[in-house]
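Below are the structure tokens for one structure; questions will follow.
Order as written gives the chain letters A, B, C and D; numbering starts at 1 within each chain.
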Amino acid sequence: MTVQVGILGATGAVGQRFVQLLDGHPIFELACVTASDDSVGRTYRNAAEWRLSSEIPAFVADRVVRETDPAAVPDDVDLIFSSLPSDIAADVEPAFLEEGYVMSSNSSNDRMAPDIPLTIPEINPSHLGLIEVQREQRGWDGALVKNPNCSTITMVPTLAALDEFGLESVNVSTLQAVSGAGYSGVAAMEIMDNAIPHIGNEERKMETEARKLLGDFDGAELELHDADVAASCNRIPTIDGHLENVFTGLASNPEPAAVRDAMRNFESADLHSSPEQLIKVFGEGRPDRPQPRLDRSYADGMGVVAGGVEETTDGIQYNCLAHNTLRGAAGASLLNAELLVEEGWV
Amino acid sequence: MTVQVGILGATGAVGQRFVQLLDGHPIFELACVTASDDSVGRTYRNAAEWRLSSEIPAFVADRVVRETDPAAVPDDVDLIFSSLPSDIAADVEPAFLEEGYVMSSNSSNDRMAPDIPLTIPEINPSHLGLIEVQREQRGWDGALVKNPNCSTITMVPTLAALDEFGLESVNVSTLQAVSGAGYSGVAAMEIMDNAIPHIGNEERKMETEARKLLGDFDGAELELHDADVAASCNRIPTIDGHLENVFTGLASNPEPAAVRDAMRNFESADLHSSPEQLIKVFGEGRPDRPQPRLDRSYADGMGVVAGGVEETTDGIQYNCLAHNTLRGAAGASLLNAELLVEEGWV
Amino acid sequence: MTVQVGILGATGAVGQRFVQLLDGHPIFELACVTASDDSVGRTYRNAAEWRLSSEIPAFVADRVVRETDPAAVPDDVDLIFSSLPSDIAADVEPAFLEEGYVMSSNSSNDRMAPDIPLTIPEINPSHLGLIEVQREQRGWDGALVKNPNCSTITMVPTLAALDEFGLESVNVSTLQAVSGAGYSGVAAMEIMDNAIPHIGNEERKMETEARKLLGDFDGAELELHDADVAASCNRIPTIDGHLENVFTGLASNPEPAAVRDAMRNFESADLHSSPEQLIKVFGEGRPDRPQPRLDRSYADGMGVVAGGVEETTDGIQYNCLAHNTLRGAAGASLLNAELLVEEGWV
Amino acid sequence: MTVQVGILGATGAVGQRFVQLLDGHPIFELACVTASDDSVGRTYRNAAEWRLSSEIPAFVADRVVRETDPAAVPDDVDLIFSSLPSDIAADVEPAFLEEGYVMSSNSSNDRMAPDIPLTIPEINPSHLGLIEVQREQRGWDGALVKNPNCSTITMVPTLAALDEFGLESVNVSTLQAVSGAGYSGVAAMEIMDNAIPHIGNEERKMETEARKLLGDFDGAELELHDADVAASCNRIPTIDGHLENVFTGLASNPEPAAVRDAMRNFESADLHSSPEQLIKVFGEGRPDRPQPRLDRSYADGMGVVAGGVEETTDGIQYNCLAHNTLRGAAGASLLNAELLVEEGWV
């Protein structure tokens, strides 16, 4: 079975990661790339200025970039990936949904809308059921699923693993890589020999998205998880890989070893791009791990790595890490698309 | 009035900062520098390999480096600064104390000893009273005062300002500069495009030292502050300046504006190296400050800079920053020495 | 004597350095700042987003930004500094010159025009004589002087010092800081863990500007120096300070010691912003200097630092360094303005 | 056919690259790892503190580290790789040679000895003939071949390609990565926001090794190439990949296009680890390449990448790049070992 796919916003930092991940994918075949007006009509090779150290894949290099408009997409395309800036996505996505496209979107608009599933396949696949609600309420023929922000994705699998111990509160500090802001999002003069606190709207995203991902869906409505979440988000001079310090308040009082086991044994999904072991955990002997440069490529950038698990007065503190443009962006949308196929929405 | 001083461990990263700060100091006059055996007998210029961008001060360049031993120190020296590695300091410091020297030490050994004052002059000057206890218990003629770890110093002035709101708990994440590990403490290959969590023993130091600094001294015994403190300490690729994300639990429920005011109005000390305003606070308009490269030089590196003050469910979160080798190390010892002089211990 | 000055393009990276250098200047008094349309009408504080670690000077913070147009400049302004992008400068500068303004410009347009002096006061002050030629040919009432590119300025003082040995050829490689491209000129993702060769048009600028600066002006025409110059320009991950490796072919065969002496003894100019010793030279004992972070602040960023002088088969190789936004840009224009005043053109 | 191999100095930065490259190698099977005394008797996993982002290969993880001594090496080992520090290698290598081992060494001692082949298989395989001379003069049963320094290897393939145009002189500036100095060779505080000129003995190595590699071996004696070579070597803040700016003086006057063709068509060797195309060349459209982060992985780190080819007054200037710990160190020794096998010396 092959599914023809298109990428909206294919020339940017996340768009290039989509292209890279589709190279050799067993199900998805790239049929169409779109970008902003100044790229339309040029070959992808010319428009994208390929910036990854791997070679630009042959199947996309000479493809002509199209307009970001349903009318410009070939008829046989069944599934759309979106990595558009959120303000543009807010305009463009409904047009595709009305035309009946199934869309897996990395754009941040509408992530908290009550009828749009925000999904990590290993965590909350059942939330896809919101698509029925969405179709009814919006009159769409298509289906829209969103993945969370990169900083949220890094943390949530470990929180899900801890939920058995009664998750009550989370304080989290992030050390985020520059690629999270897009290719030109951070000037060298801003970040060299420096760190920038309180970046963008990352903090509010983490606080709300985490509660939605961990929430209960009863088939009709989604109830947010009731843990208090407070986040402090910092940009640091790393290229890829978000490292996060997590302090949790827990109802029960687990030993660090039990927490490490819960993380290690947290079940992954049976999807092509899902790692065999979702969360790799470093033990007491390596408290200095995970580290961005050494650990971001775990499971080809699709896994989460944790470590430094220790007791605090009323809970557990630990560190976690994921590759922000793979597991945290393009890979997250790809996984959601694989889930959509698996569950018969495509 | 002039006080002759010596520096133990004068050639290292902190030692060079001591030398820099003593250049033009109105009270202290450098009479003696010591270092490890391979430097003894060489000029300071040759032994230190001066690494600051300011010129090596003329008053020290041709001075001969002496042994780190009371016998090698000239008779007229009244006050000793120590920036020795803690294992060496544990051996050497008592020898100087027995000889009657007054010592202001940056070394981490014995900071939590119940009879040794751990002091930040603007925060807990009254703890100097422990010197009487110390003399009685140890039979020393001298006096030993310690300053806390650089990561502790960065945070504690802001916590002291918050104490009026009922400080109950602290979760703190640090983004620490490489100079905190000494000149060769962090290899370039470790930290470039990377961050290292759970460094050294910084976390335990922050958790215990903060409670001692904020504790009550009744003239005989010191009681630790009863706030729960949990720390997560990270090294990042910055040269100087520790940035910290602080989440506090508070008994009362202050507005961010009240917290900013409490920080801004927190009283400084009337000492030569103490800034006029101890804590500079950025308001709502600049949530992206403080930043290490832009703010570490506030008040010649002797101040603390805070920002990003926001409410959380049960308290306040904010960010703070200080220069780790000035306010956080050499400058901290210097300030303690100025306090010792001011209060008549020298 | 006080001269009222204006800065065109005052909010950018070089513009902020102009403001910083004018703080406390004995002759120049800032009367006017201009910037692009989106800044016009706002206070400098709001428009500039001050990015230097020193505080924004009080004398400029609340000044209203004006249009970059002669009509918008107050009548009592006698001298204009320009740090406009070269394409804008090409349009705007003639308008000011026709209105009779004296202008010291850092913009790169027209630097090689035969009737426009390209000047470093310590090297070729006599080239100011071209102003007469310029007035005659262009019918301007004003006077326009340019300073060279930052990478050229770094090297030319040392070449001028070597000219007594018969300078025949120059191969030069640069290691340039990101600030040379303006505040947002280099994205973090481009330069972290990376270097970029063959940047911009720097190479052609170095090759031509150097020959003009070292050329002979006979009172009527300027003859370029006949040395062959080939340059290779690289951007590296440093914030400020250009380091350059220079290989010279010389007609005579000097010892390294003689070359070091020629550099050290090269005469500086008697102007406020000119350093007492123009070129600081490290000897054989410190072949690893100059280094950008340690040496860019020599003489408050207005000096040149050289080192690593060694013989080659047909000449001398060495390294040199200067602060690219001080001596290499804003400071260069300021020095030229001081020369214009000194020589009576203002 | 399988050859049992040992690695001397297997725990260091280059040693770990040897281990990585031997993982899955079709001919070589790792039989033995040695290291310094404090590692002897420990498992490789414990002794090496694996620092590459790939996982530590299973075939070596639990192997016990042995002494660096012929007596400690198993009998069936036929070929030895050495990445010892040069001072230790100078003592240890002869002991292995006397015992009859064939050794491919990356250590810098004795590279210029007239009877020791310094080889890059694609450049000067015939120099292996020096082994006969070596055996005769030194009475060794074994055979010793050296590879050049990483900065030399980066440049020499392109110079070999240019030799048809009459290579007369070379001025070369390097921008070298920190991994070239070993894992702890460069402190973060030395290199962050900085560059260090005139490093180590790299310049003399480049100047002499290049002439030996390009020299003529008549079966009895080796004559150095007569080009003048002057090098200026700089450390910059990159992790892997040396970038070099090369200015050549040539007897003939080729067009840049002819030079690019000569580089592209330069023949590779028919060995397992040799790339199909030895030199990848960027054309006029991408003068900003090669760049370390984007191009160091060309041909799995075993190729050379060139670009920016331009005419100068008497020759050609261009840039080149190679991965310094793969093609420039462990991979270079591996290739030499493959050549030794191919030519029947093992």
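The rule is simple: contacts are C-beta pairs under 8 Å (C-beta built on N, C-alpha and C of every residue); 3 or more make two chains touch, one makes a residue touch a chain.
No experiment lies behind these values; they were computed from the predicted model shown.
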Exercise for the section: Average the CA atoms of each chain to get its centre, and name the chain whose centre is farthest from that of chain B. Expected result: D
Completion exercise
In whole angstrom, the CA-centroid distance of chain A from chain B equals 41
Practice task
Go ahead and note the Å separation of the Cα centroids belonging to chain A and chain C.
Solution key: 47
Fill in the blank from the handout: The positions of chain C in contact with two or more other chains are 51, 192-193, 237-239, 293-294
Exercise for the section: Please categorise the chain-chain contact pattern as a line, ring, star, complete graph or other. Expected result: complete
Problem - Complex contacts: residues of chain A adjacent to chain C - result: 13, 51, 178-179, 183-193, 237-239
Handout entry: Partner chain C, residues of chain D touching it in the complex
Key = 169, 171, 173, 175, 192-199, 228, 230, 232, 234, 236-239, 243, 245, 247, 287-294, 307-308, 312-314, 317, 319
Problem - Complex contact set, residues of chain B against chain C - result: 51, 53-54, 192-193, 293-297
